[in-house]
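Two complexes are shown next, each including chain A; its partner changes from chain B in the first to chain C in the second.
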Partner chain A sequence: MLQPKHFFLLPALLTLLAIIIFPLLFTVRVSFSSWDVYQAGLDYIGARNYLRVFQDTRFWESLLRLSVMSAISVSLQYTLGFALALAVWKQTKGGRLFRVLFLVPMMTTPVVMSVIWRTMFHESLGPVNDLLSVFGIAPVPWLSSAAGAFASVIIVEVWQWTPFMFLLLLAGLVSLPREPYLAAAIDGAGPWRTFWQVTFPLMAPISIGALVIRLIEASKIMDTVYVLTSGGPGTATETPSYYIYIRGLRDFQVGYSAALSITYLVLMIVSLTIISKLLMRFLIGKDS
Partner chain B sequence: MNRTYLIVKYLFLLAWSTFVVFPFLWALSTSFKDANAVTSGARYIPWLEFEPSTQGWKSLFTSGSQGINIVTPFLNSATVTLTASAISLVLGTLAAYGLSRYQFRAGFVKNSDITFFFISQRIMPPIVLAIPFFLMLREIGALDTILGLVIVYIALLLPIAVWVMIDFFGSIPKELDEMAMIDGCTPAGAFLRVILPNSLAGLVVAGMFCLIFGWNDFFFAFTLTFTKTQLLPVAIVSLNSSVTPWWSLSAFALISVTPLALVAILVERFMSRGSLSGAIR
Partner chain C sequence: MRKPLTGSLSALALASSGILGAPAVHAEDYSRFGISADIPGTCSYEAIDAKDYSGRTLNIITHAIPVIGEPTALHAEQFAELTGAEVNVVHVPFGDLFQRIMIPFQSGQNAYDVLFYGSLWIGDFNRFLEPVPETYLNSTGMADVTDSFRGVATWNGQMIQYPMDGDRHYLKYRTDAFENDALRVRFQAETGRELAVPATWEEYNEIARFFSGFDWDGDGEINYGSAEVAKRDDLMFSAFISRAAPYAKHPDVTGGFFFDLETMEPLINTPGFVRGLELFVEAQEAFPPGGTNFGLGDEIFSFGGGQTLMSYSWDDAFVQAQQEDSRIRNMVGAAPLPGAREVWNRDTGQWDRFDEPNRAPYMTWGWSSAVSALSEEKEMAFDYLCFFANEANTSHDLQIGRFGVNPYRNSHFDSAFWQSLGWEAQVADSYVNTLSQMEQSDNRVYDLRVPGVGQFMSSMANGVAEAMAGQKSAQDALDGVADEWRAIVDRIGKDRLRDAYANVVRLEDNTHQDGSP
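Moving on, here comes the complex of A and B:
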């Protein structure tokens, strides 16, 4: 029955199952109850919560907002991270210093840095508007206008997570084979053509990995939003996680927020699977 | 490499460095300000543009109503992160080794499915588990305690450890284990005496990722603790929403990001030795 191999796997597997599975099943069960602040407990009301999710425009808007937000911020992170990795890849003066420096934002606590960013985006006392005024740009209402708040969240995300792209892509660049470059040099290809015909295709697998990991993490965004804008102004930066948090842990509509959570989880799994399939077809040119 | 390319490249590197460093420099400068210096618009350079004061830093180590106690949250964060990371690393390494060396089968579940189960936990949005975790910890009396957070953080960090280590063990040839076993090692002996010593780079990377995600988590610490057990991120956010002055906030932020900024230097050490490219992916 129990062989040595089981002693390797089982401790971790059972620990994780014990911690994750029961809460997850519990959430599923709660999503079929009317548990809220007036009536705590597990009754059964069928799929009523899910029907309500279906009609909840605030939830669907937050999903749309999340898609736009992560599409913009992840593509910026990828482009910038790739450019930075290429820039320090070949011998560069101070290359080591740049590399350490570029990793630092990823190591910092998102909420802690968001607190600092909040002071920086302050309309009259913050340095961002102060520096913009040097270039003759009028003060931007960063956190108090819808577009400003949206841009602020993206700026902070790009600051925080471009290092992750940089790290993965640089690791990929360092381990690239030499031969294709020799061939390209013999063909007389310039740097631009070499990049598109050699580097970029060779980097496709690691690019997909990096993009998918970042999209997964970006889909959970909540910390930065909570500190920077509290989802505001209005609901201009409200993400699904934050909206579910408000429904569940502020309004205490436990049953309804469970239904929202499950819907959100399923949608995330489905769309992330589709996205990674599409990325593979687009970047490698074939399935899986 | 022509001149324009080099100029563009260094301008780009310089611009990005400025962007990266700026928040830290701003926090550093702000941490030495007083009310006057903050409310008179953006000021950057101490002595030149404002008179530096150390009240921001002092307030962090003063307890009572006047001060903000940073020592307790710091120790709490360190305890929770280190304990959960250590447990996750041990369990995760064992599981990753098992999955990379043996075939498991239970009904239709195979190795790849088990691996996927571990890694897929990263997709789980924390909010989905927040309420059941809350009720579960309340049930066992671990709400607002270090123990409760350690339990939850293991669920958060274990998948990361498995993810990094499985890849790493994949790059160590199986012949190594087989040779050890021919030499008379038990499976456990082969793992402990032959494989582990050769996995240091992977362990360091996995450990670092655990530390980063543990130290930086806000959401679970925020929903599962109240006042008794406060971690650093929660402490700073509760300061942020009260009327805490910018100088204390900045000093607080700088102290709480320092430990991991030191870790960044270590990561670079490993990267420059080329061991990271194998361990990550």
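Moving on, here comes the complex of A and C:
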């Protein structure tokens, strides 16, 4: 039964409605319209935009590309983040300084960092190739070859978001109980065995959380691609978010880009749910 | 009707600096606004000073600072001080400019009175723009605007954009390299040809290739042959049009460059365009490292900074090279875009051979301005634009490279004016001659100024980028573009697009609204 106390929930509910529910429902409605550069407004064209999505090979190719890019970059972020967290975990001298230093990349604006990285990767003026030449390595076409550009985007992503992994995993490590480690020490387990038998299993829940959060964020990658490569060379680094941006805001195909967005949202929800379940089964050994 | 401005720009500049003696009627000194002196005209400082817009507000949307954004803000501030109006200027990055203008238009909001934007968007915006009133059509400044830029501002026989900039693509090259005897001998020994400014794109590629990978200007840095805007989504579509135009724009074939006007069938995958793309792909051999990812800024820096032998695009790289602190100042020249000896004739379905290379100057999009039809301050808005483009302001703005204002009046093609800025006569002559020759050409190419131009160009840029990256052959890539263009035509409507495209074809075929030449 509705009581006066329930009215205290109203501001939160209205805010939720305004910033999440309404835009989502509006986007769904727009996706069934032909809103375009010439035809403005919410006419109804049925599922025509969605049929076009299914025939749009450029979108599906970008999705496949994103999957590979995310898998590589998030795996690297997790591995490096875990290693850094372990290094800082038990270290006392200068530990606080390192923690702050490791977090600097995460605190910078992605667009600004991408501009700086673009300068660093500049093939004739940037310092990266200069540095490589000191070791006798030939200049690398960082942004003008498909493989180089793909690797560049991953490097920037790893550089920027490894600290996020580091932060979450360090918080997890700090909160681990001491007893299992005492028991392992009594049993004579070395560091390697202690890590695989104690630390890693105990960290599994937080690892899954960190991986899923980063996969969600990685799936939205847009600013780095926009600044660094504009999706090129060719379509070598074009991701779904960047493609939707082109269709929606450059081409002004509002209805179609809404259909792309909704399709992409559904695909992300489904695939990330499956990935979470698989990670749970693999790392913890149960479904929930 | 007022008498057209007949004096040259140098005379105007001299008048503004007081050398020729400013008219005695100018009691007020306007030099506090950064100009040497006011120049009499319809919207001179004195004329605008006489207006009173106190208590009224003008809202302007423009590009980010500095290109066009900076002069917009500067002249807005001056206009506010002269008239008492409150002038609000919103600066928007280029990537967002279209949607920031289009969304209020589509939703019927009176968000901005004055708009600055790319002139190629006239096909999308024309429904929402106020025609330029007779008073301003007859203004002194307007009378001097070249025919081609009057055409760019005109839609269905009516001027709806206010000309304030002129843009075109042309060739820029390093004269010190082309005139170097040792390099000329070496080039002839290697290629069997005499070194000369390229007359065709094949020659351009050959020369660029020869001049790549060694320090031919003796500055201790390796030089390269060609800097081009090749980055997808960064105006690369304009570079491709420049390259394809002479192969696809046959001087004896009328009725459309991008489409067949009658059928609205795309011509983008016809042999002329394919040849242009093949040469664009081939040209990558002579790019500096990372050149396939060059945007306009990189191209300006590369040529203007002395890294490359040749370049072609807007004025910026040339102006950059001619800055006072440039180490290649007065070592550059301008020339028409290279042409083609074989041109695809779509009427006969054959390549036609030309002894003199076919040239197809590309009057690429530039900045334009307009007044919103929804504005409640139209008179003030047009006064602002007329003031922005008055003789004193234009003379001032042309001298500042970062402002992005380029010659668009007959009086701007005056070598003496550029020489007064420190340009050597040879450089200034090559510049004004190249620009003015384009005005006289009857085989010009214009942008695809139709509704949805963003979709067409985005699709084309993607196809070109796929070919440049080696993902597809030139033919396959452009076949894919043609398929996409057909789909866009179906979505937007063939008749609607044909009506719009007829405006472009009229400019290219040099005909009037009624079809007469």
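One rule holds in what follows: the second predicted complex is superposed on the first by the 277 of 288 C-alpha atoms of A that agree within 3 Å, B and C clash if a C-alpha of one lies under 4 Å from a C-alpha of the other, contacts with A are read in each partner's own complex, and residues count from 1 in each chain.
Here is the rule we go by: contacts are C-beta pairs under 8 Å (C-beta built on N, C-alpha and C of every residue); 3 or more make two chains touch, one makes a residue touch a chain.
In this text, all values refer to a predicted model and were calculated from it rather than measured experimentally.
When the shared chain is aligned, chain C comes close enough to touch A:Val37, but chain B does not. Once chain A of one complex is fitted onto chain A of the other, the partner contacts of A:Thr119 are limited to chain B, with no touch recorded for chain C.
After overlaying the two complexes on the shared chain, residue contacts for A:Ala85 are found with neither chain B nor chain C.
Legend: residue contacts after superposition of the two complexes on their common chain; A:Leu215 is shown touching neither chain B nor chain C. By the touch criterion stated above, A:Val111 is placed in contact with chain B alone, chain C being left untouched. When the shared chain is aligned, chain B comes close enough to touch A:Ala12, but chain C does not. Touch counts on chain A: comparing chain C and chain B, the chain ahead is B. Once the two complexes are laid over each other on the shared chain, residue contacts for A:Leu66 go to neither chain B nor chain C. In the superposition on chain A, A:Pro127 contacts chain B only, with no contact to chain C. When both complexes are overlaid on chain A, the residue A:Met203 reaches neither chain B nor chain C. Once the two complexes are overlaid on chain A, the chain A residues touched by chain B in the first and by chain C in the second are 124, 129, 249.
Against chain C, in their complex, chain A makes its touches with residues 34, 36-38, 40-41, 58, 122-124, 129, 139, 141-144, 146, 149, 229-236, 246, 249-253. Those residues of chain C lying in contact with chain A across their complex are 95-96, 98-99, 102, 106-107, 124, 231-234, 288-293, 307, 451-452, 454-455, 458, 462, 465-466, 468-471, 491-493, 496. In the complex of the two chains, the chain B residues touching chain A come out as 5, 9-10, 12-13, 16-17, 19-24, 26-27, 30, 38-39, 41-42, 44, 91-92, 94-95, 97-99, 101-102, 104, 114, 117-118, 121-133, 135-136, 151-152, 154-155, 158-159, 162, 186-188, 191, 212, 215-216, 218-219, 223, 232-233, 236-237, 240, 246, 249-250, 253, 256-257, 260-261, 263-265, 267-268, 271-272, 274, 276-278, 280-281. Considering their complex, residues 4-9, 11-13, 15-16, 19-20, 22-24, 26-27, 30, 80, 83-84, 87-88, 92-93, 96, 98-113, 115-120, 124-127, 129-131, 159, 167-168, 170-172, 174-175, 191, 206, 209, 213, 216-217, 219-220, 222-223, 226-227, 240-241, 244-245, 248-249, 254, 257-258, 261-262, 264-265, 268-269, 272 of chain A touch chain B.
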